[in-house]
């Protein structure tokens, strides 16, 4: 390898490496550090301050586990704010994942068995909403679910309900918005795994005496499991920390953990506590991810 | 199989290649300077030794074939020559200059890749011009050379096409034109026929040979296909586990394999185990449990009575008959166990030495169209062969 | 291919209706003459006119576009380098940390990314605004860009690069004449993705930008918080139509290219 080549190689790694050190690793370290600080009515609102690398030792010595204790005390207390919103976030994310799967699986399946020449177009139309603004899609539902919105009008017009459902600012509205926004993330991996599916396997199953339903349950479903898992992860993980949807479609009783962090930062200005909550959230999220990754590695090793 | 390919080969050549090629033997000339020399080259991948202390010389204008099963190290050997792998030990000389550390783009060696590696984003003409552009030749010169090359491989007028608009055979020609465009001192061909169907493969083999002698270039082809190696090569090497087992002209490799491995890898062969009974001048007598007494005519045998050896006997060198043959040949009685009709010839398996003896393969050329075969299953038959048919293989 | 049964057709119709009805309703209401959602006051393009007079929103749109342009370009450049490093350099020192850092932003909750960058900019005493948001967007765009380019590089036939070198191209020339033209579609796709992500981001921009820069999502969010206004409907319709035109023409273009390649 010539000298110039080696320099070029070093540059290729160094540029993104340094960038990520500065804008990913360093901020993350700071979050960790500030989670171990005390809140202070100063600018910035925490103690002790980071005052250059020369005073790093001093800075590191002032660590304080108070925020995590606050968090733990809260979770252990009967009337818990943070613990409840963690659980609520997990619940909403799980329900969203379930509904997205229930709607997404038939859709992805139909797309996968549709004639080849349609598939490209169908795929584009599933992805298209993703390219329009996220905020717009949530906003559209505000209008639909809102008081005297088109949904209420339609249902009342059809005589299905007598009075407005007043869905906006309820958990149902949050769920609808979440499922709607994250549906493409479920459909895409499902479609990818169902499209690869060799349809002669179903013929083999039928040939061996399976009804279409048993063939689906014993052949198609197990083979699309990787797609289901990938889709579930892609929906579940961002849902847990979702902020915008519960904020716009939800009400006072739909406080999710993303909103809690937002409030601690912008309303209460308790950055150390916000950092501690963020760290705890990561732990909650990383655990299933690690398990999923391990399952994936095991499956790949088996294949 | 190999015999069929070779008998089919002769009429396709303009002149009988044998006489021309026979005179070309630089490897036997001590004054000849090799074009390429490998000197004690070693290449390891992890704890696998792909090339093991290997030395080899190629001579100018030679058509050299490297034959071996997959994983024997032949591709590694070629990639070291092209510069894509660096030897762990030893050196590689080109025209007497050490090129071991020279990067691929500075070597006057070009390679035709097994996958052809045609640039999909460039037209056929741009593919062929790629190497010329790197030399910084003037544009008109490049255009001229590209046209010349495309004409040479009979692809005139297809220069504007994209590689994916060509057939497999045409793609192979583009790859060939591209690697020849720079007039390399040495052209490496990695399994050049692997992606072609059989008919096209045979025609292309002869075109490649004509091209090589026309341009006066040195070719090294790597292949696992023995027919391909034997048809095209002036000299071939059989490789196994990182070592060259035997180097020589194809007919020598076939008729006088150095080891049992070479004998079995190149062509079909019956192996008879036995012991040397006596050696009288060039005549070796071998006693075997299955085929009885076998006499062989061996040049300067250094064998001693009692020594355990293998006798190799190619199937096409055995004659099959219902009646016992006369004196002066080796003969053994047996029973037909299997008959495989292959069109150009029929492979008969005969059990000799009684039940639990040994199956010997006999190739019968099908000289007439008569469907009714003179031999049938369970026929009692005699096998006979000349004293010059068998050969002694070291155990 | 088997014909679609009625059940599957129903699944398609229901799925796509769910995906598109809200958007269609929004588009319809942008042409509603009445200010009230509940009342259809007849067809009107009044709100589009009003939108054109809304300086704050137009400014925000312009800011967002510039932001997306800058951050997508940086994200794609860095992401391509990262992809090359990860697929081509084998095991280099710090590789595990590197690939972790590249991929982590993909699963990192937006609020945490935002919070951490906010704290970084405060700690470094950097004034927050356009450039801090651009850096933040480039950082999470980098991971997405890297994934897209990496998948192309992994399917890349290395013998093409060897062939180029064999024909006399230096490693640098090989990269420019063979590697780059062949991974170009992936780089373009990566750029589009990073662009869209930047254009769409509210949470990270709010944390990283402070009051220094108002992007379109930030303005839309505060407008939406105040209540549904028909002007926003018009703005959203324009954005939807733009996205639809770009995505559909891009996919048609790609399809035609594939056909002509054949």
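In order of appearance the chains are A, B and C, and numbering begins at 1 in each one.
In the analysis below, a residue touches a chain if its C-beta (ideal position, glycine included) is under 8 Å from a C-beta of that chain, and two chains touch if they have at least 3 such contacts.
Here is each chain with its UniProt name: A, C = ABC transporter permease subunit.
It should be emphasised that the depicted structure is a prediction, and the values quoted were computed from it without experimental measurement.
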What topology does the chain contact graph adopt: line, ring, star, complete, or other? line
Among all chains, whose Cα centre is located farthest from the one for chain A? B
Out of every possible chain pairing, name the one holding the most C-beta contact pairs. A-C
Report the most central chain, judged by the distance from each chain's C-alpha mean to the global C-alpha mean. C
What's the distance between the Cα centroids of chain B and chain C, rounded to whole Å? 57
Take the average of all CA coordinates in chain A, do the same for chain B, and state the distance between these two points in whole angstrom. 61
Taking each chain's centre as the mean position of its Cα atoms, how many Å separate chain A from chain C? 17
Which residue numbers or ranges of chain B touch two or more of the other chains? 103
Where in chain C do residues touch at least two different other chains? 171
Which chain B residues qualify as touching chain C in the complex? 82-84, 103-107, 109-111, 113-115, 117-121, 130-131, 134-135, 162, 164-165, 178-179, 182
Where on chain C does chain B make contact in their complex? 157, 159-160, 162-171, 173-174, 177-178, 181-182, 261-262
Applying the document's contact rule, which stretches of chain A touch chain C when the two form their complex? 4-5, 8-9, 12-13, 15-17, 19-21, 23-28, 30-31, 34, 44, 50, 103-104, 106-107, 109-111, 113-116, 120, 122, 124-137, 139-144, 146-150, 153, 180, 183-184, 187, 199, 237-238, 240-241, 243-244, 248, 258, 261-262, 265, 271, 274-275, 278, 281-282, 285, 289
Taking the touch rule as given, give the residues of chain C at its contact with chain A in the complex, in rising order. 1-2, 4, 7-9, 11-12, 14-16, 18-20, 22-23, 25-26, 29, 37-38, 78-79, 81-82, 84-85, 89, 92, 94, 98, 101-102, 104-105, 107, 109-112, 115-120, 122-123, 135-136, 138-139, 142, 146, 171-172, 196, 199-200, 202-203, 207, 216-217, 220-221, 224-225, 228, 232-233, 236, 239-240, 243-244, 246-248, 251, 255
